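Shared between the two complexes below is subunit A, which pairs with subunit B and subunit C, respectively.
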Partner chain A sequence: MDFLLSLLEFAFGRQEQVLEALAQHAGYVVSVLVTAGVFAIVTGIVTRRNQLARELALSIASVFLTIPSLALFVIFIPLVGLGFAPSFIALFLYSLLPILRNTITGLDGIDPGVLESAKGMGLSPLQVLLRVELPLAWPVILAGIRVSSMLIVGIAAIATLVAGGGLGDFIKSGLARLPLPNSLEAIWLGTILCLLLALVIDLILQAARLATISKGIR
Partner chain B sequence: MSTVSPNLSSRTPLSERLDLIVSPIFAVILGLIGTAVWLYSDIDSITEDILAPEKLQRQLGETLVLGFSSSILVILVAIPLGIVVTRKGFPRLKNFLVDTLGLAQALPAYGLIVIFFSFMGAGITTVIFALATFSLLPVLRNTIVGLEQVDKSVIDAGRGMGYTSRQILMKIELPLSVEVIIAGIRTAIVINVGMSALAFLVGGGGLGETINSGLKLDRGPAILIGAVMVAILALVFDFLSALAQKYLKPKGL
Partner chain C sequence: MSEPLIRLESVSKSYGSGAEPAVKKLTLEVEKGEVLVLVGPSGCGKSTTLRLINRLIEPTSGKIFLNGEDVTDVDPSELRRKIGYVIQQVGLFPHRTIAENIATVPRLLGWDKAKIESRIDEMLELVSMDPETYRDRYPKELSGGQAQRVGVARALAADPDVLLMDEPFGAIDPITRDRLQNEFLRLQQELKKTIVFVTHDIDEAIKMGNRIAILREGSEIAQLDTPEAILSHPADEFVESFLGSGAILKGLTLKKVRDIDLHQVPTLTAPVARDQALQALQDSPDQVAVLLDDKEQPTRWIDEKALNRTSQPIEKSGRPVTVNLQPEDTLQDALTTMLQSSVGMAVVTDRKGKYLGCCTIESLAKLIMSEG
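Then we have the complex of A and B:
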């Protein structure tokens, strides 16, 4: 209980710092989800008709997830330097697989009869894609985006090791000062805020789910 | 961390084969990049010192010990736990676990290792326990999902043949879910080998030391070669687990 109080005191004593780290961390998540989301969905759409291309894209995306986070964060440093860039690239590569896999699963799961009737109604292939296929696959795609977001929130804590900021800053500074006063607080604050941020993002995505899923399939 | 949620329907023969082809290709490409950097970039005496063979050998050994011990610990804890919560009588606990496991993915491994360090002090045991805690989730999750997806009518058939609950578990449920469970173990092994690169933070050694020295002394080639080695090691273990996944699944499936 005492620790909880001193944790709160620690957090509220440096609101500015906390908000900045939170903003950086959330900035990674949002920018990565948007760019990787677009990239993965487009890749899923482009490759869906060709089994080899589809499976190859999935295998490559899953290899990225196999590469340990520290390695992926630092491997681009010789090319792009420290800070935001290497962290962004690593998180981007990590978030591809869940979105890509769900895009493919979602598009695959559409009843061929529905596509036939859309075609029969005179919709062009592009119209079928935009007005029938994507809306029907969207709930599955969104589930993939959600998995990616959880993943990125946790991994983005590593960004601090390549001077990329974020909530990992608290963990790093706490570790460096251990066992001085406030070091434990910093470590726990960084870790707990990651979980809270994930919770908030999860809620936002659930709201987005309700708002964006077309009425017919709710 | 290759499977976040097990996706059985999409494991076609082609994807299984690509599974075994793509990661070796990546490992070879990374190896070539590492060799090229070693041969053609500016290697000064400091970089040479960071990459001294005896250091790398020790770090590799530490990484393997960390990866193996934490994986074994996870298997010993998570599979029995998964079996227990899927027995009748724990539906609430099981639902709670499945719900929280999704969110728990957002737990930063970095924070977890440092928190364990603040309780247990420096050293290899600290890292083993932290890694095991972190990689518990995929194995537990896959054990639960694997046991749950076994067709209830098959279990009924077993019961009708006079099997006891234990026989049903050993002869029907576990063999039918072994593929999903191994997929979880594979994820855990890759996580453990990968995250052991963070062990250097709390005095647990490992290949992360090379990366860290490279970062501290601003030696690009050392950073890159360290990262390449960590990545190749994870790819090798992923490949070996993929082989195990392929050959350990029951013939009838």
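Then we have the complex of A and C:
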């Protein structure tokens, strides 16, 4: 109980700092989801018909996930310096696999009869893609985006180590000051805000799911 | 003779080099307004042939003409918008409502909204589905038979001259299939489309086709003729074995009751006196008479034995007429009805139920024998 009070006191004592870190963290999630989402979906569409290309794309995306996250944040510093850039690149590479994999799975899972009839009625290849394939694969793709979003929220906490800001700032400063006063509070604050952010993003994606998926395939 | 609507000229298609061609030098003409059925064993190249016509597959060699125009001169997507295509899997768009599904090609063709809306209702009614009920449903909310109806409606929406159908009723239970086939025949009488219909079911081919092409491996035509001619003169052993046993029985679905010379048994119109009825029966070679009600509708079979049982009024004696045939019924229906009938013949009535005559095994046999 005492701890909870001191945690609240700690948080409201530095509202500005909290909001800034939260905004930075959310900024990572949004910017990475949009760019990696577009990139992975396009890659999935382009490579899926060619066995070799798609296996290659999937392997490369998997490799990024196996690199220890700390290392992935650090290795780009020589190229792009500290701050937002190396963090963004690391998170971008991390979030590719779930979206890419689900894009390919979703497109593969479409009933061949639907595609046959779409072509047979005279939809051009682009129309088939935009009006039939993507809408039908979208629930699966969106599920991939959701997995990626959770990944990003968690791993973005590492951005602080390369001066990239975000909620990791609290965790890092708390760790550095243990066991001084307010150090545990800082760690807890960073963690709880990460969880809350994840929750809010999940709610938003759920709403997007309801809004963008046709009743016919829900 | 007018130019055929569809003409394949020595068309071949091989999937991949080295493989036996799926279609080998096929030459085929489809006349305007006819239903040409392609029938043959699995893998003989029926689907491939169909997909060559709308260029879902490009031929390896040969030429295909639609309305005298080489199809390779036209943009494939534009070509397909002018050709209806119905497949066994139906392939309705699951994320679109029934109305949106039917509107697919009209939208591609840029029809205006009002015209599309009225066309959707018209198409649903054409395939016997209530627009109010089904317009806003999604495909998952339909039965298999309903889905296939919508598939046909969707293919017909932009009023194409040509319809390609690949085993459209193949995945449907026999009773629904029979109903859909009959509906299709009724539709075709109205619409007079040029249709290429693929099936591997010879009975369906006989029922649906104006002409049938029996194909063997490589889409080679074993015989191309009317169903009657194929049944009575199969070209070779392959065709014979494909027709299977009972070719005559299959032919029964081709002829209608109206082709039979009806047999006239004595008729009695109620109310009738007992001795008058007896007299009529004794004057006739038949053992049985038909009792008609005041609307000339047949009600009962009356024979002497029934008349002698004097305790019953005539209107209650004998046996009831339970089923009757109508001129549009097939000989197969006639045979079934006769075999079920207690007196070995079946009553034929017009559409309103008015008595026309009787159909006997002899009259049926005479009609079948008269065919060469």
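The rule is simple: the second predicted complex is superposed on the first by the 218 of 218 C-alpha atoms of A that agree within 3 Å, B and C clash if a C-alpha of one lies under 4 Å from a C-alpha of the other, contacts with A are read in each partner's own complex, and residues count from 1 in each chain.
Everything below uses one rule, namely that a residue touches a chain if its C-beta (ideal position, glycine included) is under 8 Å from a C-beta of that chain, and two chains touch if they have at least 3 such contacts.
A quick note: this is a predicted structure, and the numbers were derived from the prediction, not measured.
After superposition onto subunit A, the modelled positions of subunit B and subunit C are compatible, with room for both. When the two structures are aligned on the shared chain, A:135 is found in touch with subunit C, with no touch to subunit B.
Using the contact criterion defined above for the overlaid structures, shared-chain residue A:11 touches neither subunit B nor subunit C, since it reaches no partner.
In the overlay built on the shared chain, the residue A:36 is in contact with neither subunit B nor subunit C. In the superposition on chain A, A:100 contacts neither subunit B nor subunit C. Between subunit B and subunit C, it is B that contacts the larger number of residues in subunit A. In the superposed model, A:198 lies in contact with subunit B only, and not with subunit C.
By the touch criterion stated above, A:123 is placed in contact with subunit C alone, subunit B being left untouched. With both structures placed on the common chain, the touch criterion links A:114 to subunit C but leaves subunit B unconnected.
Our angle of interest has its tip at the CA centre of subunit A and reaches the CA centres of subunit B and subunit C; in the overlay it is 100°, to the nearest 10.
Superposition on chain A leaves subunit B and subunit C with their closest Cα atoms 22 Å from each other.
Within the complex formed with subunit A, the residues of subunit B that make contact are 1-2, 4-5, 7, 9-10, 12, 14-15, 18-19, 21-23, 26, 102-103, 105-112, 114-115, 117-118, 190, 193-195, 197-198, 201-202, 208, 211, 214-215, 220-221, 223-224, 226-228, 230-231, 234-235, 238. Within the complex, the subunit C residues that touch subunit A are 54, 56, 77-82, 85, 87-97, 104-105, 108, 138-140, 151, 154-155, 164. Residue ranges on subunit A touching subunit C, taken from their complex, read 111-124, 127, 132, 135-136, 214-217. On the side of subunit A, the complex with subunit B involves touching residues 51-52, 55-56, 58-60, 62-63, 65-72, 74-75, 77-78, 97-98, 101, 104-105, 147, 150-151, 153-158, 160-162, 167-168, 171, 174-175, 178-179, 183-184, 187-188, 190-191, 194-195, 197-199, 202.
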